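Two complexes, one shared chain (chain A), two partners (chain B, chain C).
== the complex of A and B ==
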């Protein structure tokens, strides 16, 4: 259970982070103006931890993940980062060639749409072989053995037969399993899962999520889970970063965040989720929509949609403050200070 | 045969308020031929919808729940007359939708409209808002340009957009705003029946509630009847009065939303409800996770369609199709577990 976890126990802080990211900025200049996709993001992921990055579309969460993998091409993107370390190794200085050997072996990615992430003209087995041959210097035969083992591990029935299948012959859930097998193939330290279940049905989603957290526990991998769905996060993540319009607005461990959200946006997101236990006949809504990344409002980016906004919020961007140990919020008037109103 | 299927062809049942159903679907089956190669290929059929019956009463919201490929969109399209059924038929306001002449059919179709899932592909990018929303009026004919513009402006305000949006193009709008345009287009002809095919699944979480509240507000103001297709069981619970759970083209369970959520009888409904992730961190429930995938509707199992994934499957489920039984008034279940108690 989450509540048994200590908020910041000393031995975990001493441990080296799997991923350290400091002040990441991604901007896209074009003729019409500058799109500031990511504006100064700090992330820390500890070994074996599942960290979730939550936000709506266009908030820059996918850009963050691509920047961590150094998969953004520049131009058009302009990336600035103060620190990007994987297991203490500085990734900012590495050449593209070095990065290629790190991607897949030390950190890997699970993409949202398995159909486009897999090569349609190669059998899934061959695609798995490639990883072993590239990163572990295996011969084809040996790689095949490993691939079949990897397929069996993610629960693909009759892996010897599925090894010869093309992606289109598999169902959506199976394809996602293949992607998970590929991500875990070289036992990387960090896996970034970008909306791993959005394209799937509810019952299949449950299967895939269970598999993902199972694999994570077994291999003691760190997982960065990128999603817009707080209900997935509630069941998987240890710590949560909430992103809005390119900035982190709140970070806390999962239990704290769901119990006591401090930022009005987090409160709104939590309220907007319909629950089975609800009895009311209206949905709680956040007015308006996410600002266009080229025309972000002055002051706090959330103030036009915020029902607690004051004059102060309209002029200045609030800093990210630590309210409780491990619980930071970017708001002048965090909800706890207004008393326990629900 | 089961009681629900022995109904007279013309729907006569009334609800508690004495209303006749607005839309009645009777023993509807839709099969599509597939494959059948060039010379020797064997012709196969996809049984998208098999033997579905349901009644939708005026003013209610009817939920249709199921995983992708279970035939819920096919069923909705057939109810709108866009697909001709293989068997069975649809009654709209008591008239057989597929038994009338073309002119009457066109008129009937005006009373039923649709909101699509993806607001990005369902609006013509080269039209401005006036053209998009006004198009149904133009096709219907008999309106001057001023009248159309006045009506479009009225609808823009109704769905929460402003007058100055009139000459903008879809690319200027966010997903939620586009869906509002789609809703305005659907209701401009004052339909009685509106099919909402996953209206929020392509939108951001914070916009979900806005669109759903708008739909509920419109229903109250205009008095429309909705068929609400969704895979989000929590949403269905909040807005629907009656619902049907489908699996592989078959009805698994149907009835009042309240009684289904309180007392889900079919193992599939139970599994669906259990698969819904909750954000309640205090009491995490034990979840039953279904094994396997949805089988292809080309060769559905001969017995119960759900038998391969059912955690409670018995030997007879593989060979005998379960009959639909009424477990409590208005609550129908197609499962051997429920019929067994009665026999």
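== the complex of A and C ==
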């Protein structure tokens, strides 16, 4: 990739990034060919910032998050990255043992389905204790106090009783709260939330998102929010990366992205959000689905589904260009250049 | 573990016991007009009157002279006094005595097989799962195809042929002196295991492989679960993830298969015992079958099913200690 280098987040260079990721590639070789899951992703997350990584399922979001945590097992995955730094510390150089002491304490993860993400035969209290005992060198008794405090912090009612519960005895929302408590336990610098609300009811979704956003602000944690649903990041994210088929196709701050999307894919994603305020709003539909990662099309990966595609789009992959300050797009024909075509 | 769950399981077991008891009583009586005829088949050289008299005598002796309902009540009440009836064998030995005489010998084979199978199988299975796709795993996968296709009696015959006759490592059939001269001395115990070696080997091979297979699959399945990823994302060390999260969950199906083999412990292996001329429950059952010894058969069946019931109960209770989700159905 020769085109990724110039992308930077220009505004505050004096402040060190919480996470710096440069040119991450994840591929899975198999007998039939090569699955290119992630093709050169750059991410910058500043302290206290909430960054959303948005894309359809199968576009490589989860692979990106696991690769940042260095939790992808290799083989089968082949991972290459030019730079992976957490608070200036180069994670690529760290041994697995060093990584283990960083996971859970300096960066942690919230998983999608809290039912399967919690050990079914262990009380939630014990599962919380483990983190304190592992990273803060606490004895079980002291860890228990901290765990109960952590449960109270995420709004679990009567935390002393819930401490002794098994995951199946809690409701879905409570389980997700427990996962959030686990992620914030050691006050890490970075939390990666992989579809944290997808498995929940809509009403619970809102509560959990609010909690997540509260906790993030309270602890000044950086949050990488991974989702397929642009509507849930609207209120939370400072900056948004839109990912398509293993590549970043657009990045901008949240306000700008919602107001003036430049990539036809982003336009489609936004068009798929129903709005009550707008009577004449038409759904913009993106036809078909994400290409199979083994059989990606020539040229721009999005061109078969793009209503603005030209000959050029079918031959070459467009570079990620900075159109406005902090607003980059990977498209030969960004929407704004076409004028008001809606 | 909730109390209500335990009580419910126990009551359920007692209920099943009575069903088994009743079936066990009635099934041998189905289709037979006169049980005495089963015991004492018609003889050509006997006059009808004389045969009738003999049958009458037999009926009295074995309590067939009253109605079936009365017999059932008597059977059940005898049972609760620890009386399993009298065998048709000469000398009219008590069924219970016959059974308890054979159980230790059967346990020598079955317990050893189970222990060897479980210990070696589980360790090897965990090892194979850990080295998934490498040589220990490949050996296991191929061995399991092999042993499921080979019945244990076939393995036994091959072992007898080579280790018994060809190389004379172990006795090819049981020394009758082993039972008669048993006196709890170390020498006698040693002789028992020397004689038991081949039957144990021939059954243990399949058992090891099947435990190993269960363990391997279970460990691999659990390793792919989301909560293992969570545990790793918490920064836990590999050994903590393996012991506290993976194996703790992977042990559940293994407990089930252990429980199943416990319930089969005293059944005896009919074929293997025959091959090695081993005086266990399997042989006793075969004898009872061949001599139409119905009280003995009924006694054995009842004893085996009761043992299996208790073993299942214990397994279920252990399982609910290991897996808190089991009791959830009772809560709602």
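Operating definition for what follows: the second predicted complex is superposed on the first by the 325 of 342 C-alpha atoms of A that agree within 3 Å, B and C clash if a C-alpha of one lies under 4 Å from a C-alpha of the other, contacts with A are read in each partner's own complex, and residues count from 1 in each chain.
The working rule: a residue touches a chain if its C-beta (ideal position, glycine included) is under 8 Å from a C-beta of that chain, and two chains touch if they have at least 3 such contacts.
Since the structure is predicted, the reported quantities are computational estimates derived from the model, not experimental observations.
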Discussion item. Let me test your reading of the model: by the given contact rule, A:104 touches which partner, first (chain B), second (chain C), both or neither?
Written reply: second
Worksheet item: In the superposed arrangement, does A:207 touch chain B (first), chain C (second), both or neither?
Response: first
Practice prompt. Quick one: classify A:161 as touching chain B (first), chain C (second), both or neither.
Written response: neither
Item to complete: Please work out whether A:255 is in contact with chain B alone, chain C alone, both, or neither, and reply first, second, both or neither.
Response: first
Worksheet item: Once the shared chain is lined up, is A:121 touching chain B (first), chain C (second), both, or neither of them?
Response: second
Worksheet item: Counting only touches as set out at the top, which of chain B and chain C does A:171 meet: first, second, both, neither?
Response: first
Response to the item:
Across chain A, the partner (chain B or chain C) reaching more residues is B
Practice prompt. Answer with first, second, both or neither: which of chain B and chain C does A:315 touch in the superposed model?
Written response: neither
Discussion item. Show me the chain A residues, by the header's touch rule, that chain B contacts in one structure and chain C contacts in the other.
Written reply: none
Worksheet item: Which residues of chain B touch chain A in the complex?
Response: 67-68, 174-177, 204-210, 212-213, 216, 231-235, 237-239, 261, 271-273, 275-282, 284, 287, 289-291, 293-294
Worksheet item: In the complex formed with chain B, which residues of chain A make contact?
Response: 1-2, 56-57, 171, 173-174, 201-207, 209-210, 228-232, 234-235, 254-255, 258-259, 268-270, 272-278, 280-287, 289-290
Item to complete: Would you tell me which residues of chain C are touching chain A in their complex?
Response: 225-227, 229-237, 240, 244-245, 248-249, 252, 322-325, 328
Worksheet item: Which bits of chain A are touching chain C when the two form their complex?
Response: 69, 71, 97, 100-105, 108-109, 111, 113, 116-122, 130-131, 134-135, 166, 168-169, 179, 182
